[in-house]
Amino acid sequence: MELIKDGKRIDGRSFDELRPIKIEAGVLKRADGSAYVEWGGNKVLAAVYGPREAQPRHIQNPTKAIVSCRYNMAAFSVSDRKRQGPDRRSVEISKIVSEALDRVIFTEQFPRATIDVYMEVLQADAGTRCTCLTAASVALADAGIPMRDFVSACAVGKVDGQIVLDLGKEEDNLGEADLPIAIMPRTGEILLLQMDGHLTMEEFNKAVTLGMNACMKIYEMQKEALMKKYTGD
Amino acid sequence: MELIKDGKRIDGRSFDELRPIKIEAGVLKRADGSAYVEWGGNKVLAAVYGPREAQPRHIQNPTKAIVSCRYNMAAFSVSDRKRQGPDRRSVEISKIVSEALDRVIFTEQFPRATIDVYMEVLQADAGTRCTCLTAASVALADAGIPMRDFVSACAVGKVDGQIVLDLGKEEDNLGEADLPIAIMPRTGEILLLQMDGHLTMEEFNKAVTLGMNACMKIYEMQKEALMKKYTGD
Amino acid sequence: MELIKDGKRIDGRSFDELRPIKIEAGVLKRADGSAYVEWGGNKVLAAVYGPREAQPRHIQNPTKAIVSCRYNMAAFSVSDRKRQGPDRRSVEISKIVSEALDRVIFTEQFPRATIDVYMEVLQADAGTRCTCLTAASVALADAGIPMRDFVSACAVGKVDGQIVLDLGKEEDNLGEADLPIAIMPRTGEILLLQMDGHLTMEEFNKAVTLGMNACMKIYEMQKEALMKKYTGD
Amino acid sequence: MLSEIKRDYICQLAAKGKRVDGRKFDEPREIKIEKGVAKNAEGSALVKLGDTSVMVGVKMAPGEPYPDTQDSGVLTTSAELTPLASPTFESGPPSPEAIEIARVVDRGIRESKTVDFKKLCITKNEKVWVLFLDIHVLDYDGNLFDASSIGALSALTDTVVPAKRFEIGEDFKLEVEHYPVSCTSVKIGSAILLDPSLDEETVADARLTVSIDENGDIRAMQKGLNGSFTLDEVKSIINSSKIKGDRIRELIK
Amino acid sequence: MLSEIKRDYICQLAAKGKRVDGRKFDEPREIKIEKGVAKNAEGSALVKLGDTSVMVGVKMAPGEPYPDTQDSGVLTTSAELTPLASPTFESGPPSPEAIEIARVVDRGIRESKTVDFKKLCITKNEKVWVLFLDIHVLDYDGNLFDASSIGALSALTDTVVPAKRFEIGEDFKLEVEHYPVSCTSVKIGSAILLDPSLDEETVADARLTVSIDENGDIRAMQKGLNGSFTLDEVKSIINSSKIKGDRIRELIK
Amino acid sequence: MLSEIKRDYICQLAAKGKRVDGRKFDEPREIKIEKGVAKNAEGSALVKLGDTSVMVGVKMAPGEPYPDTQDSGVLTTSAELTPLASPTFESGPPSPEAIEIARVVDRGIRESKTVDFKKLCITKNEKVWVLFLDIHVLDYDGNLFDASSIGALSALTDTVVPAKRFEIGEDFKLEVEHYPVSCTSVKIGSAILLDPSLDEETVADARLTVSIDENGDIRAMQKGLNGSFTLDEVKSIINSSKIKGDRIRELIK
């Protein structure tokens, strides 16, 4: 399949164009904070509970809160039904997302506590981990968790030899490289970075710059969503 | 298959006739209380342990005892061998049986305790949940657990358009409705009620009356079994 | 298949001959004690951790240490790949090995503690349980655990009607009986004894004597391995 | 303690014929149903019952029939009480609560012949459609039985059988033959409250779910919790379930 | 503490050649065997060894052979220490104790050729009978190894292969070719006690199970617990197992 | 506390350009690779990275292809952090750490086309070779990512496809087409240390694993731990990974 034709991608986007994104804060009643994100064909819900006492006690950290994330896909979120319960992919994503979010939370303010972040993928296209991180960050802010910065995420990839932003599903399946990245937008520090496939040094440099710039755009949308909730606009 | 012929059911019973029932109290050495019930082709053993300290501690209720029931089928109790461990059906039955028995026990007399009721189906015909409840109630009395009433149970169903008591196996498989019911015989209050299939309002009224009357007969047999044990008759 | 020909076994050994054995003590950095044993085609690693506080607390024995053994086969240790996690065979071997080792350790010196013995089969031929016991015993000594004696183990079997020492793989698969045995070499007391197959009384007497004598040879090799480590020879 | 105080307050209100949120005893909360919300599913629905929110998705694939029903499709129902939905829900294997909900919904569809599973046979004795119904609880403010059951029925009405994807003919709409609607009531003291909120559910003595079809016939019942009902209470609950169910049915269709 | 006092008492009695329940050292408890107790099983037996009660059922179904024995039926043995049977047994996955019992019984049947599994081949390389042997412990008063093993052998002698149900010919009786009988002894101090009761088992140092066939040959052995035996003790246990096993064999046949 | 003191000590040394064990910042520990150590495996390797010791085995068997890659062999990678290897490793299902290592190694092989899985197709749409790669950690002194990844690549170069055993032709050597070498660095304060020891890993802020092939191209990256990197730090790590990887590649081949 030809993924790039006449300088356009298979869904008509240009190389550095994001898919349509919609972010909403505070969408659930019971959770302490929540967010809903639609990103291309992804639909993701994130909820935050805490800080609350970590249970059982022996997992408590006396100097800081534990940030515990759970990435989960609904059975019907993908074309071939996913069986209930965490598979190995979900376990890995939960782990690296926990590590990324831990960095931006003032965990030292809540010793012995846990801050639980639950992310449910209701409809999956390519890029669910970046969508989830983006939603989780908004949900944390909505929950009033003290944070030193946001987390904004986006993937870059290589398709038909070309570095392109925010891979769609066919691009993800058939492309030559995938590089999800998450940053703290105020400082530009990198919180999450993975890469699979094949990139020359030059391509990597181009990709990472493209991705980091996109993260800044995501950051603006995240702020806007929170603003909208609190101003009721 | 024709389930009713010449006003008689497939096993020769009339519409409001129970299958043969045998109840024995105090049949196990190690258990605090026990009972064995044969009901048609069902063979069921119930054992009670407790009140004993609930473990682990965090499950203890400081105001009352927990009533914890476990319904289990032996692998060889059914025609197609059942795999070891609780399936979803067993989990559901354990839950609703726990709820029914909880109501009749003076749980407030035993804070922080657990009263464990184990029910093993050794041979299964239709109606194992009612057989188990009946056995459990006798085992609780045999264990000397203070109770405000008994639990007596029986199923009613619809077969070939006719409301009939205490479904047999073919009737259960091919019938149009199944309605297990358990009551407190002294007050007539309903502790367990489930229904699957298709009943008109009128049929429901007829069925529920038939079932509650049968529960009263079961109650007499339960009392007799206990009497027999304690008088050694 | 003919397993014995011209008074020799399929691998050329005589009836009372052990396979080549190599024992090395203190081979791992992190473990408190360790040993590596090659025995015919078996390659086994044993590690000891402890005495350390038993966790969770409710498993602690206030009068003595728990000896907890885990026998595990690497997925690639056998011809048909073994799935990860303990199968029923591993659970049984772990249990009987724990019981055998418990006897020789002065467990009463370490109340509330656990002494953990981990045995990994990296390459399996027949006789892994005896190889593991032999390795575990050396690892315990290497960890400085106070012991009242060693544990030395060896299997005997019946092949083509003949009692032979230390079964090889084909002999184990096609033989008529297998009898693993472990003793305390200083007193000759029997710590582990299993038998499958078919032995007359006379054959049993012959087999058990052959096995116990072999255990004494293993004991010499175990002592030598420890000596070699501590003298640096 | 808190639950005792809450219970007293709800009982006192009930004695005056009132509920915490101002509803009448037999008045359900507002119901919103949105279909087709999960495009990778064969059918889906998002149901809101007040602040309770449940998403249900249907996935279908060819598979083997059960040995005892060789000419019928297979229904497999699961419920996941995701930890998003409540501080008391935990990750891990399905709780008894989740299993009970899944099984009650499953029987409600299966035994009441909502779908004619014989029409989901592909090759007798060999290949049939397996219909996976997954209930995903997103926000828990009481009465999951009704939210799940309404969600399941709505998702079924939205379902297109993906025959083309599996190269067994043209896609076709799943036919829903009956519309049994589940209505749940709880008993608190002597009051019977329809569609309980979380607060009401927490302090309730007994629960009864009744499923009534478009002809006014009973298709399923499930009693829950540690309390008891009198026969008269059961009959009265059945009656109000019938009346309220008729209105909800219109929303689903 | 209690176990120390119990141990002292049992040891003092043993020093006088006595046991708590008045039995001789080499005297088993009364054995009752009832066959055919579970009619949905292909074969079954309820065994009582004093107050220990174990039910064993055999189920059979066609299945695939193991890759290395393409012409033989398959044996699958499980033991469930149901929580009915003892305050110390818990629900959940099989404990190491349950697994050891199942495996010892399984080997006792398999390795001693109790049943000729070649006769359970249906179509070589393709289809064979799978024999599921399920041991269900109902009341635990010591010596589960013997109760389970005797129950298993009894259930096998009761088994009719359900060929008709699976449309592969006429039903036929399972042929039992050998009758190895398992006898368990424990060592307490210097005393060796046959068929230990729960009290004796609890304070025992070492356990030895020996299975002897109708020709007086050894078919299986399993040593257990943290203590040790001398070679002479082992030989003496084998001898008394042979003598007592002969009597038990008559009850099973 | 201990970890704070350890961290301070390591940071102070780093400020002077030094490491606890005397290595330079970009100097890996001694690497020893021994192939063919597990004769029941199709290929195997024991890798020592200083005192870290990892054994990797390859098993192969015919199996079914994935539905979306009908003409390709299947790779299945597992890692077991055996409790031998560290006082903090526990028995039981794989930890998130074990899963991450297995998945990073798996992607490193799969996505960088180390092996051409199309050559492991036996019969299109039906039968392909399944390659099981099992990583067995024996002694844990830091940097399992590199030890596992180097072990996996080494075991693959040792692998002979056992076609004869499964009666599908003659055995043949597995062809390894690329040699991507994984190099891991950690950041402690402002220092970047290659091939961290356990002590260094324990106090590190962030970790970055980079896999570079024989052409100097990037084949995989994985960032870990709770800290962050600047873009310059990332680029500098990539550079030193390239240089050190070239030397390690010679050892593997």
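Going in written order, the chains are labelled A, B, C, D, E and F, and every chain counts its residues from 1.
In this section, contacts are C-beta pairs under 8 Å (C-beta built on N, C-alpha and C of every residue); 3 or more make two chains touch, one makes a residue touch a chain.
Because the structure is predicted, anything quoted here is derived from the model rather than measured.
Minimum number of contact steps separating chain A from chain D: 1.
The chains in contact with chain D and with chain F alike are A.
Taking each chain's centre as the mean of its CA atoms, C is the chain most distant from chain D. With centres defined by CA atoms alone, the chain at the far end from chain F is B.
Our note on geometry: chain B versus chain E, Cα centroid distance of 32 Å, whole angstroms. Inter-chain spacing, taken between the CA centroids of chain C and chain E, is 26 Å. One inter-chain figure worth recording: chain A and chain B are separated by 51 Å, centre to centre, where each centre is the mean of the chain's CA atoms.
Residue positions of chain E touching 2 or more other chains: 94.
Residue positions 80 of chain B each touch two or more of the other chains. Beginning the circuit at chain B and passing next to chain D, one meets the chains as B, D, A, F, C, E, using touch as defined. The residues of chain E lying in touch with chain B in their complex are 37-41, 44, 51, 53, 55, 57-59, 61, 78, 80, 82-87, 91, 93-94, 132, 134, 136, 138-141.
The touching residues of chain F, when paired with chain A in their complex, are 67, 94, 96-97, 99-100, 102-103, 107, 111-113, 208, 213, 216-231, 234-235, 238. The part of chain A that touches chain D in the complex is made up of residues 28-31, 34, 41, 43, 45-47, 49, 52, 70, 72, 74-81, 84-86, 116, 118, 120, 122-124. Here chain C touches chain E in the complex through residues 80, 88-89, 91-92, 94-96, 99, 102-103, 179, 184, 187-201, 204-205, 208, 212, going by the rule given at the top.
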